[in-house]
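The next part holds the structures, each set out as structure tokens.
Each of the next two complexes has chain A plus one more chain, namely chain B in the first and chain C in the second.
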Partner chain A sequence: MLEITGLRKQFPGGKVALDGVGFEVRPGELYGFVGANGAGKTTTMRIVMGVLLSDAGQVSWQGRPLDADTRKRIGYMPEERGLYQKMRVAEQIEYFGQLHGMSAAAARTATNDLLERLTLTERRNDAVEALSLGNQQRVQLAVALVHDPELLILDEPFSGLDPIAVEALSTVLQERARGGVPVLFSSHQLELVERLCDAVGIISAGRMVATGSVETLQAAAGRALKVVVRGAEPGWADGLPGELAVQGDRHVLVTSGGDDQEILRRAVKSGHVEHFGFERASLTEIFKEAVA
Partner chain B sequence: MKTDALHAVRLARTDLKLLGRNYVALFNVMVLPLLFGFLYLQMTEDPTFVLSGMPGILLIFTAFLNLVNTFTARREELVLKRLRGGQSSAAAIFGGAGLGALAVFVFQVVLLIVLTNRYAGALPTNPVPMIVGGLLGVAVFALLAAAFSGITPSAEMAQLTPMPVLIVLMFAAPLAWPLDQMPAALEIVSRVLPVTPVMELMRAGYYGASLGEMSVYVATLLGWVAVSALLVKLFFRWDPRHN
Partner chain C sequence: MSAVWLVAKREIVTTVRTRSFIIGLIVTAVVVGVVAFLPKFFDGPDKYTIGLVNSQELPLKQALPEAEFTFKTFQDRAAATKAVLDGDLDAALVDGTTVLTDGQIETELGVLMQSVNREVKLGAAGVNVPPLAMESVGADTRYEDARRGIAFLLVIVLFGLVIQSVSMVAMGVVEEKGSRIVEILLASLRPWQLLVGKVVGLGVIGLINLAVVLVVGIGAAVASGFAENFPPGMAGIIAGTMIWFLLGYAFFATYSASLASLVSRQEEVGNVLGPMMLTVMVTYGVSIYATGDPSSTLSTVMSLIPPFSSMVMPVRMAAAEVPLWEVGVAMLIMMAAVAGIAAVGARVYERAVLRTGARLKFTEVLRSR
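Up next is the complex of A and B:
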């Protein structure tokens, strides 16, 4: 298990980037790390990887402080995507595998497998600079995965990818997680995080404002009542709590308070009720609430 | 330590492979110094003197110019940052670059020895000062290259920023004339340049030299190693300059 406790980091100039950040990523868990730009996601990941030093706090792996040797067994996809632009795809993946201590033969086998999984086999002999950004991103992921890491830390792995590539990458990450590997990744694509992740951490201005399983966070956020009324009379929802949106001849009321039976009575009286039900808050709504 | 050495070898191998694919860099490293050597050969009646001093000039191109370009390009491609992110130590990264340059330099020196023997009939009699001079020379110029990459904004500019240094080293180096035949002021400048002790130690392999003379050259190079390391600490950057 990866345990991060009480991380604090202040940059020269006084900006506090992290202020007591802590969370856990369990074996086999996909953990989505979300936050606005500059919230502290990349800084946290860099500290985990030893690229930055924290002022306080600890990063532990399997109950022991994370050291340089253990870090070599982590699959890391940094925010800065650095690849040798003139190197060919397959030889680049093999090369990084060997830097992680793999034999040439093992690196080659793992590379072939990953190229196949990430549908890059046909591009194996192309220079990286000749690939589209999406394909370069796939190479990045292959580089992070080639040495069969014990832990995956991926900074914005889905940014800039088309839906097909997102699906391919998601599948690979889910497979790794099913194999017992903890996967920590940051993303701005909250719908994707909600769909993929077992647990989520929300960071805002260097502080963790929410962490836990998606279900736990949704339960804590409460349920919202959504009512859709077609052909409603104007002003039918006056005095009711929540937000009313008008879409053509449909009125959509979303509220988390008030007397639901009273709302239903007024909706029925006002027009044709197309939908009346309680809905769980989406991760986007939880996120907005948490960082507000 | 063992991992660092292994990483350095792998990084060097990659650098050499990529050098082979970059025709401009390959020309600068392999052909340009030979053209300069040919030019200097026209100015002297003693080809052994010029050819035995040529390794100093080779270092300017092989270790200095080439590595300024390599370090800058890798930094701008963000490869240096990636390598630092849990894969390789700073020692392995610098060591790998130096090792790659050393491999090319050794190949070139062996080629020069063959050429010198063929066209001037001379062979080195004492390889020890040549090896010491070569190793220290590669270390100095690789470190200077790392420091210079820090003030070089882009890979394109890496051909330009080292030019002033390159010009001074090329024209103040005692390639065609011995130090004691230079004008007094130029001789003083030449003696403190890092290229001169490399040339003199290489020549000591052919002509011999006293232990005292060789000690001075070695001490000068060790001084340059210290100065270059300090310059690396002051100027080298892992992050792209535009960040």
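Up next is the complex of A and C:
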């Protein structure tokens, strides 16, 4: 389990980027780290990777503080991508595998497997700069995955990907998570995070404003009751909480308060009830609520 | 350690494979080869063709073994004169008494013929003249010219190599910083490992270049016969050159890596390296001066002060005899300087290399936490 507690970071400019950030990522969990631009996601991940020093707080892995040796077993994709442009694809992936402590032979085998999986085998001897941007992204992913990491930390891995690549990356991440690896990634794409993640953390201006499983957050956000009545008399919902929308003879009432049984009785009395049910709050709604 | 070696190996492999490296090596080899042959072209081989009319061959070869003499016999004075005027002969000896030349005779040949002729005639008359014994009461200056020549070439080679290697280190640092690869690298490496690996790797590249220069240079000198002029202890001079190159390189490379880590774009490299390159230039200037006057006080002092010593000392060692203790002391001071710059440079590099964006200030980075 990856545990982050009480991270604080103030940049030399005087700006407090993180103010007590903490959350946990469990084995096999896909953790979505969301927040507006400048909220502190990248800073948090850099501190976890030891690329940046925090002013206070701890990062621990399996109950022990994360040290340089343990970090070698993490797969990391920084927000600002970087590869040696003139180096060959396969050699580059192997190089990073070896830097992470693999033997030359093991790195080669792992590289060949990954190239196969990412359909890059034919480009293995090309310089990175000769590849399309999409393919460069795949090499970047391969660099993060080559050493079969115990933990994955990916900063905005989906940004700039086309829908097919998004699907492919989602599959890869889900596979890794199923293999027991905690996967922490940041993203702006809230629908994607909602669909993919077991847990999410919402950060706003350097503070965690919500953390937990998607269901828990939805429950905590309160469920909205949605009632659709056809052919109701105008004014049937007077005095009921929530908002009423009228589209022709369809009346849609959405509310998060009031006595649901009372609402149902009123609806049945006034017309033909087409729909009566509790709606889950979307992550976007939860996010807006939390950040507000 | 293995991490450092991995980084170094990558530098070596990727550099060796570039076209510019291969072309650079070939060009260096050709230039060095030509330069090493030059003395032969300019010195003009001492080859004389001498005509004989009714005369005996003079034993000129005995008196001047380095030179080659060819003798041609002519029927009469007219034929020999024609050959002299046509430029086929350097001189013609007529009746053992007169020397014909086209214009004034070349001094060396004139003196030689005069004295050998006298010896032969005296010998025939039964007078034996023992040759004068030559003895220098000053320093052994036999190899002075050769030494200065070698020292001069060494300065140029060392200067070129240091500039080239040091620029490669700087550009490599900025490549990694600017493209942010450094962020992935530093997630699995300590900054000093990355720094040392790069400096070591490109140092090996520099040594390969130096080795090519030395091998081609010495090979060409042997082939052209110039090697006969090599002073004794040439092996020591070569070993010294390599060691001093490595020391100078280590100093300037670490320094330039830390300077380069202050900027994020290749265009800024030249600017940020400016002051350091000036130091290299000054070192070069002093070294050139030292080739001319290797034993002056200025040369001696500069050969002890780092980083100037890294170029001035090997030049002095080539150009003159330097007491061993002076070399030892200079080396110790230089090593201390390398250690010092490495400590400071690594600290700056470590702190600056992740701070992309505007150019940073060396001292400010050094003071920051």
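Heads up, the rule we're going with is that the second predicted complex is superposed on the first by the 239 of 292 C-alpha atoms of A that agree within 3 Å, B and C clash if a C-alpha of one lies under 4 Å from a C-alpha of the other, contacts with A are read in each partner's own complex, and residues count from 1 in each chain.
We take it that contacts are C-beta pairs under 8 Å (C-beta built on N, C-alpha and C of every residue); 3 or more make two chains touch, one makes a residue touch a chain.
Values in this document were obtained by computation on a predicted structure and should not be read as measured data.
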item: Superposed partners chain B and chain C on chain A - clash or fit; value: clash
item: Contacts of A:71 with chain B and chain C, given as first, second, both or neither; value: both
item: Contacts of A:12 with chain B and chain C, given as first, second, both or neither; value: second
item: First, second, both or neither for A:25, with chain B first and chain C second; value: neither
item: A:81 touches, of chain B and chain C: first, second, both or neither?; value: both
item: Which superposed partner A:193 touches (first chain B, second chain C, both, neither); value: neither
item: Touching partner for A:100 - first (chain B), second (chain C), both, neither; value: both
item: Partner chain(s) touched by A:52 [first = chain B, second = chain C, both, neither]; value: second
item: Overlapping segment of chain C (options 2-10, 56-64 or 92-100) - the one that collides with chain B in the superposed model; value: 2-10
item: Chain C-contacting residues of chain A that also contact chain B; value: 46, 49-51, 68, 71-72, 74, 76, 78, 80-87, 95-96, 98-101
item: Residues of chain C defined as touching chain A within the complex; value: 3, 6, 10, 14, 18, 175-176, 179-190, 354, 356, 368
item: Interfacial residue positions of chain A with respect to chain B in the complex; value: 46, 49-51, 68, 71-72, 74, 76, 78, 80-87, 91, 95-96, 98-101
item: Parts of chain B lying in touch with chain A, wherever the complex brings them together; value: 3, 7, 10, 14, 17-18, 21-22, 74, 77-88
item: Residues of chain A defined as touching chain C within the complex; value: 12, 46, 49-52, 68, 71-72, 74, 76, 78, 80-87, 95-96, 98-101, 143
